[in-house]
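Right after this note come the structures.
Same chain, two partners: subunit A is paired with subunit B first, then with subunit C.
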Partner chain A sequence: MRTLLLALTVSLLASAANADDPQLVIKDHKFQPERLEVPAGVKFKLMVRNNDPTAEEFESFQLNREKVVPPGKEIPVFLGPLDRGEYPFFGDFHQDTAKGVIVAK
Partner chain B sequence: MTLYQRTGKWILGAGIALCVTGQALPAKADIGELYVYSPVLDGAGIAEVEYRGARTFDSDPDKDNAQSQKLSLGYGITGWWFVEAYGQFARDPGPGNSTHFDGTEWESIFQLTEPGEYWANLGLIAEYERVANRKTDSDELEFGPLLEHDFGPTTMDLNLVAVRQLGPAISERGVSLAYRWETRWRLFPQFQPAIEAFGDFGPIGHFNPGAQQHLLGPGFAGKFHLGFIPGDLGYDVGYLFGLTPSSPSGTAKIIVEYEFPL
Partner chain C sequence: MLLANGSQLAIKETFEPSVRAMLASLLIVFREMLEAGLVVGIVLAATEGLAGRGLAILGGIAAGVSGAAVVAGFADVIAEAAEGVGQELFTAGILLAAVLMLTFHTTWMSRHGRKLASEIKEIGRAAVKGDKSLFALAVVVGLAVMREGSEVVLFLYGIAASSHESAGAMFAGGLIGVVLAALVSYTLYRGLVAIPMRHLFSVTNGMIALLAAGMAGQAAAVLAGADVIPSWGERLWNTSFILPDGSWLGRALHALIGYSAAPSGVQVAAWLATLALIVALARLAPDEKPKRGPAHPLAETKVAARS
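Then we have the complex of A and B:
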């Protein structure tokens, strides 16, 4: 039980935002920036913040991620290591406007 | 109280409940549970309406035409906790039986790690099934870990579930160990081929290979966005071949679900 609680605590701490983490902001049902460059071959934590008054879902089939971002909240999305290339993502609740791409270089 | 403290107490409580009550399932793969759970949840505020159906095929009438039909409603309470309630109709195998209301199920899925944070994603499932006829059937308590790992373009999920029967009509003693396994190729969102396996080893410490049921076969899953209608429509179909003499020769399954923000 101690081991489990320790692992879960470490998990919680690892989820906290770091100034060096790449960030996406959702505003007016659009991602900012819409093109985000990240280093290839490296595991990283993408922070996605939703500044809209309604929920959005960060989704990418290529990245195999799908997660609701509540209004006014920020979530971590653990990604990588990625091969060089482009990985499209979108907001599932506003697909017409919430689109973007992560570029691994 | 933090998630971790709550989860820890829940694990302890469920473990005690499983150990104290003392009885278990026969080693039959439950055709109402032919679904491999992911420990990754979509998040808070996502609702789900789901249908699950399954039917067995066998030249032996005693294993032929067992059916299960389930309807459920689910909801993401938080980013790490999803609850779902089921109503189940079933038909026992063999000639002359009819479909009847079998009971209700109450299920919780807990996501314990963020996807991709560690080598494997980890979650827990806890489920209580209340049967409609406690004179002939038994309630069940299920609890176990959910594991997931991506291998390139494929995703592997493994569910290990401890099952204990509760109530007066218990058929076997002990905690039974069941498994559900899937490796899925993420080809397209709308079409993802998979290999799946389901089975039950029977009561821990009294495994009887001759009485165990193990099923293995291909499946296909996918989901579609519905345009201007909010949400996604998903499907999961498959045909499973029996691997042991106790297993039905074949079992067909179909799952359809509609997920939407609420």
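Then we have the complex of A and C:
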């Protein structure tokens, strides 16, 4: 049942997300990758997936975004167009480990 | 951010792991509840002298806490609603409902404020009726607590669920964080009611107008962030080198007046439009004259709403 639900969720989300949308995965309260390159000057959808059993909050002051990612879920964060540069982000609930940076090139 | 990071660094080097965990959780919870704490402080001052306001505000807080638990419980449903932007729609809805209530309050006060201030002077505090306005502000308190509190609930639930070794210490830290936020409410309230009664409501009315403008701007920013409405320019300016969003002052000003270091066009537009609307409504509202007493010292009641 759980697998079925998971498969359903994944397929539903897959229909919403493009394969080339940049993705972040939260695992053990860390972001993977911790350094994510994205194109500058265009709008894009960052997919954030939480593989931990607890909720996390994707937050970035530079990007002006704050969004809860429930456990086992994948949510879109709409970003851009960004100027070239580095935009740090963090997981608000695990700030000592969950850290990363988006690099717009 | 500088301050927050600085204090975290100090925490890491100085203390035992359990104390570190406690302080980290204290900081997270305090930061989340600070905004609600400031709202409660302003509302307490704005309802000074109204009969039954203690009960109304406590009721608002209690409803907010229950609401926070429910929202946290449905976090995954909300997150996946509306093709992944359910959270933004929900947050914006809560913010705009609060803006509506705050606008009602300032309009009501610009009508009754002068009379209220003179009545409170005459017949004493906690004796004057202002039920409608009180209800509106209790709702605002409830919404603020619910919005900020749901994240605290998720955070604390995460600690409980992960059977963290310092879970007890982290819960204690969270509790202290809530108490500190309540202390901020109380301090702000005491500071505001030190203002003489004839000026108090002009000050709180001005603060509430800015609070509403800030919330409207935030709602617009959230909706633009979800690509629901156009952003009219991602960042109009950037003052993060002077006052970053993550600093304590930046956070406090964010809650009080909607400060944002790099606001989007639609955010600034919503801020300005809301403030203009509130000032216009306050000026259009027919003024209820105080029954007795000198009109002169009370004549300034509407000043803050005008400026």
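Operating definition for what follows: the second predicted complex is superposed on the first by the 90 of 105 C-alpha atoms of A that agree within 3 Å, B and C clash if a C-alpha of one lies under 4 Å from a C-alpha of the other, contacts with A are read in each partner's own complex, and residues count from 1 in each chain.
Definition applied: contacts are C-beta pairs under 8 Å (C-beta built on N, C-alpha and C of every residue); 3 or more make two chains touch, one makes a residue touch a chain.
Owing to the predicted nature of the structure, the values given are computational and were not obtained by experimental measurement.
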Contacts of A:P53 with subunit B and subunit C, given as first, second, both or neither: second
Partner chain in contact with A:I75 - subunit B first, subunit C second, else both or neither: both
Contacts of A:F61 with subunit B and subunit C, given as first, second, both or neither: both
Touching both subunit C and subunit B, counted on subunit A across the two superposed complexes: 9, 43, 55, 57, 61, 64-65, 67-70, 75-76, 78, 80, 92-93, 95
Sites on subunit B touched by subunit A in the complex: 2-5, 7-8, 11-12, 40, 42-46, 76, 79, 112-118, 150, 155, 186, 188-189, 225, 230, 232, 261
Contact set on subunit C toward subunit A in their complex: 1, 8, 12, 24, 28, 75-76, 79-80, 83-85, 87-88, 151, 154-155, 157-159, 161-162, 221, 225-227, 234-235, 240, 244-246, 260-262, 264
Residues of subunit A defined as touching subunit C within the complex: 9, 13, 16, 43, 53-55, 57, 61-62, 64-65, 67-73, 75-76, 78, 80-82, 92-93, 95-96
Residues on subunit A engaged by subunit B in the complex (per definition of touch): 1, 4-5, 8-9, 11-12, 14-15, 43, 55, 57, 61, 64-70, 75-80, 92-93, 95
